[in-house]
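Two complexes are shown next, each including subunit A; its partner changes from subunit B in the first to subunit C in the second.
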Partner chain A sequence: MSTNQQPVFIALQANNDTLPIIEAIQSDNPLAVVHEYPAMVKIDAPGRLVIKRTSIEERIGRAFDLREIQINLISLSGELDETEDEITLQWRDIP
Partner chain B sequence: MTVEIRVQTVKPVRNTFGHIARRFGDKPASRYQEATYDLQSEVNFHYKPLWDPDRDLYDRRRTAITMRDWYALRDPRQYYYGSYTMARARQQEAADRQMDFAEKRELLRSLPEATQRAIVFGLVPLRHYEWGANMNLCYIAAYGYGTAITQAAMMSTMDRLGMAQHLSRIGLLVDGNSGASLAEAKKFWMDHAAWQPLRREVERLFVTRDWFELLVAQALVADGLLYPLFYQRIETYLSRGQGPGLATVIDPLMRWYEETAKWVDAVIKPVIAENTHNRDYVMGWAEKWRGAFLSALTPLAEATMGPDGAVALKDVNAELGARLAKL
Partner chain C sequence: MSNPQSPPKKLTLKENYALLTRGLGWEPSYEAQDDIFPMVKFEGIKIHDWEKWEDPFRLTMDAYWKYQGEKERKLYAIIDAFQQNNGQFNVSDARYLQALKVFITGVTGLEYASHRGFNILGREFPGVGPRIAAQMQSIDELRHAQTQIHALSHYNKYFAGMSEFPHMFDRTWYLSIPKSFFEDAVTSGPFEFITAISFAFEYVLTNLVFMPWMSGAAYNGDMSTVSFGFSAQSDEARHMTLGIEVIKFLLEQDPANVPIVQGWIDKWFWRGYRLLTLLAAMMDYMLPKRVMAWKEAWEIYFEQNGGALFADLARYGIRMPKYWEVTVKEKSHVSHQLWCIFYQFRHAAGFPVWLPSEEEMTWLSAQYPDTFDKYYRPRYEHWRELERQGKPFVNATLPQLCQTCQWPLLFTEPDDPTQICYRETTYRGDKFHFCSDGCKDIFCDAPEKYVHAHLPVHQIYQGTYFNAGVNPGAPDFNPLVEALKYMGINPGVDGGDFATHVDAINWTRWTNKPANMHEPGAQGLGAAPKDKVG
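The block that comes next holds the complex of A and B.
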């Protein structure tokens, strides 16, 4: 895993669909800080931020496709690694 | 001149309704929470029901089950009117496509005569079972306590009509839209000896007074035995060597069952966990109705699957046993 602690972030629209997603991110990333702006929620995390499908599904009570995040996604920074089970944002060490 | 654009944030004074905030804290609430929690009328029942003068209009005492908080019976699918109708509309669209496919390719019409007759005998009469289930869930919605369970029960009543309609459409696929299969299936339901025990149990449910017993009997036990038996075992039996034509049109029923079973388990679990008094009641009801429905389904399993029927029913009963043990 990377040791780089440069901040990564993801910004989502603030609406009913993203409430459980934000909750899931908060519980999976204890170091993440949630900033609420008008109509937008920006989540900063040092080095690494992970979004897990199972954590979101637990909260919404149905199957969730991580690509559904795109509908409410405003912006993000960090190197993106996306699988069916999780989306990870992090800055990799330069070899 | 420089123009500085700054963001002015106006914090809302409150994030949700007072009764939701008292339960979950003052933070943005989900639509399901807002449409469910603490909506049940609890006080000021100044009109006493003439039909039940010992109790109030809405009364916790209409079941032997006791709960400190009836909202523990939450729906894991988080269905409120909006999310429910959207989810069902999507599923109906998919089911319609499957039916279209089956109709265009004559998947059922091209089955051998004997298999078509077996479908009319073994599956189409279940539309009357579904109507019975609709009645029973109506009763739960009417006499149950707490919006968490009553709204889910109300939605389930509509599901049951949908299931009945789907079974009717299967009948129409077999008889080429003449409706003859529906009339014939009703005769089986009303008069055929193999169907009478099941019909009797459905009618006994109509006169079951305790609404939670009714939920256990209908949604947990009766559906838990009947759905896997008819839509898995009998379907597989009838489709032997016939290709997946029948499975195509049965699939939506089984998908609905799997989804609904999650709700049923999630409703029964907190009730059992609440106290041993509840556990004894629920398990007692489950065993009582399990026995009743097992013996009611025995002649049907035999009439539809011959000697394989007993084995299939035993498997299905074992599955229900495993499900009950996990509660």
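The block that comes next holds the complex of A and C.
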């Protein structure tokens, strides 16, 4: 895992769809800081932020395709990698 | 009937994306590759393996249509609810509407220009991965233009100054800034265009447009605008990942690409930053209820976020964009300097302008403790006093424009906020003027391009900014009034003082609420000097 601690973030619309997603992110990323703005939630984390499908599914009680996040996504920062199970935002190690 | 075969295994995201983007391109048999993709080499960028390009979201067409369709349904449900509930009267006050005019006349045209630009890239790139990404983005940008026009068309039924937005985008003096920005990009090569738009603009800068400003739209009660803004931004998040992928791809393909890309980053960061001055003024002056000052937004989204990005790119030998330090010095000034220009030239604007209220000046001085009270409050108080005396200040002289960014020369020296920054150079015997070292450098790198810049003030003086049939020899000919008509501005109606503007008067008539929430009862005061128009 990268040791680069530069900040990454994801911003989501503040709505009923994203409440369980934000909860899942908070629980999987103890260092994440949630900022609430009008209509928008911005979640900052040092170095790395992960969104796990199973954590969201536990909260919503149904199967969840991570690509559904596209609908409520506002912005992000960091290098993104998406698989069926996780979306990861992180910066690579500084060489 | 039983099926002897087990059901086909579901493809993973990676396999799905690989099948979409690998091995689908045609290998030409009777045409040379260079004839099919004629634009891909002249910029000097070297690509050895297009297969190395990957969309990190790994978006496939089925998912693209599915989720875009859902975004549209959600957006239109909100727009319908907004319209059915007379949402146009539930925004904070009628000054907020003026920001929407800047948006529809200045930003929507950029979305459409971007649609065209990515269409061109979808044809010009030989690689399948980037071609698909460019095609998706082209469709996204068209969607943004359409949804913005559709959402704001409802406001146009009630308020002035929006109906001629495409005409104004092409001709209005302060809209030549966004227009020339995109035309500069789309007339460069494919790699410069994608570096300019996907990386410098989308990744480094557009968070400022769509995060604090759209959040501000929500805070001012405009659920229609915030919805198209965030719906667009959900696509932008994908475009940003494309932007960072573009940069990494170009830098990893060949070390010879590094200095070329650095030059484009320097140029397009500065071009984009200058363009965003418009947003700085919208954030600090046009949202009656404010969420965040321009200065703080610049610190979060450029200094912190951009800083993390450039720290990452240092591995390739990429450094922070040239003159980024100047932007940090200017962050406490630019919004005030532009609003002062709009105030002085309000008779020539497509929207009415106002002086900040006492309450707003208190907020501005708290947000800008080092600059507002020292440099800008005294100016506003002076102008306020002149209004009180019935002789409001209007600047009747056309401003000198920067040959590169096309803003009036309104910015001050980075280290002396009391001195306007002027730069000039001579090219083939002609003098050219600039607002900054950044803009001057861009000109000097490609003077043959920028000598062709179509500058509204120069056009007025050259006599080309008048409608057909106008007779400049007529005894009652007024060049400024005729130029405004040419720009799509109705002189004496669209611009001028907010307090006496038709939107302010109608707002109070229709809603029984003050048009300016900070100065209830101000309508009719500070009357516009109609006789001085033009």
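Observations
Following the convention adopted for this analysis, the second predicted complex is superposed on the first by the 93 of 95 C-alpha atoms of A that agree within 3 Å, B and C clash if a C-alpha of one lies under 4 Å from a C-alpha of the other, contacts with A are read in each partner's own complex, and residues count from 1 in each chain.
Just so it is clear, a contact is a pair of C-beta atoms (placed from the backbone, for glycine too) under 8 Å apart; a residue touches a chain by one contact, two chains touch by 3 or more.
Since the structure is predicted, the reported quantities are computational estimates derived from the model, not experimental observations.
On the shared subunit subunit A, the superposed partners subunit B and subunit C overlap sterically. In the superposition on chain A, contact is made by A:Gln13 with subunit C only, not with subunit B. Once chain A of one complex is fitted onto chain A of the other, the partner contacts of A:Leu76 are limited to subunit C, with no touch recorded for subunit B. In the superposition on chain A, contact is made by A:Pro95 with subunit C only, not with subunit B. In the superposed model, A:Arg62 makes contact with subunit B only, not with subunit C.
After overlaying the two complexes on the shared chain, residue contacts for A:Tyr37 are found with subunit B and with subunit C alike.
The partner of subunit A that touches more of its residues, comparing subunit B with subunit C, is C. Overlap of the subunit B and subunit C interfaces on subunit A comprises residues 37-38.
The residues of subunit A lying in touch with subunit B in their complex are 16, 19-20, 36-38, 60-62.
Listed in rising order, the residues of subunit A touching subunit C in the complex are 4, 6-9, 11, 13, 37-40, 42, 67-68, 70-84, 91-92, 94-95.
For subunit B in complex with subunit A, the residues that touch the partner chain are 7, 9-10, 28, 30-31, 75-78, 87.
Taken together, the subunit C residues at the contact with subunit A in this complex read 12-14, 56-59, 63, 67, 70-71, 74, 207, 210-212, 214-216, 218-219, 226, 230, 233-234, 236-238, 240-241, 244, 291-292, 304-305, 307-309, 311-312, 314-315.
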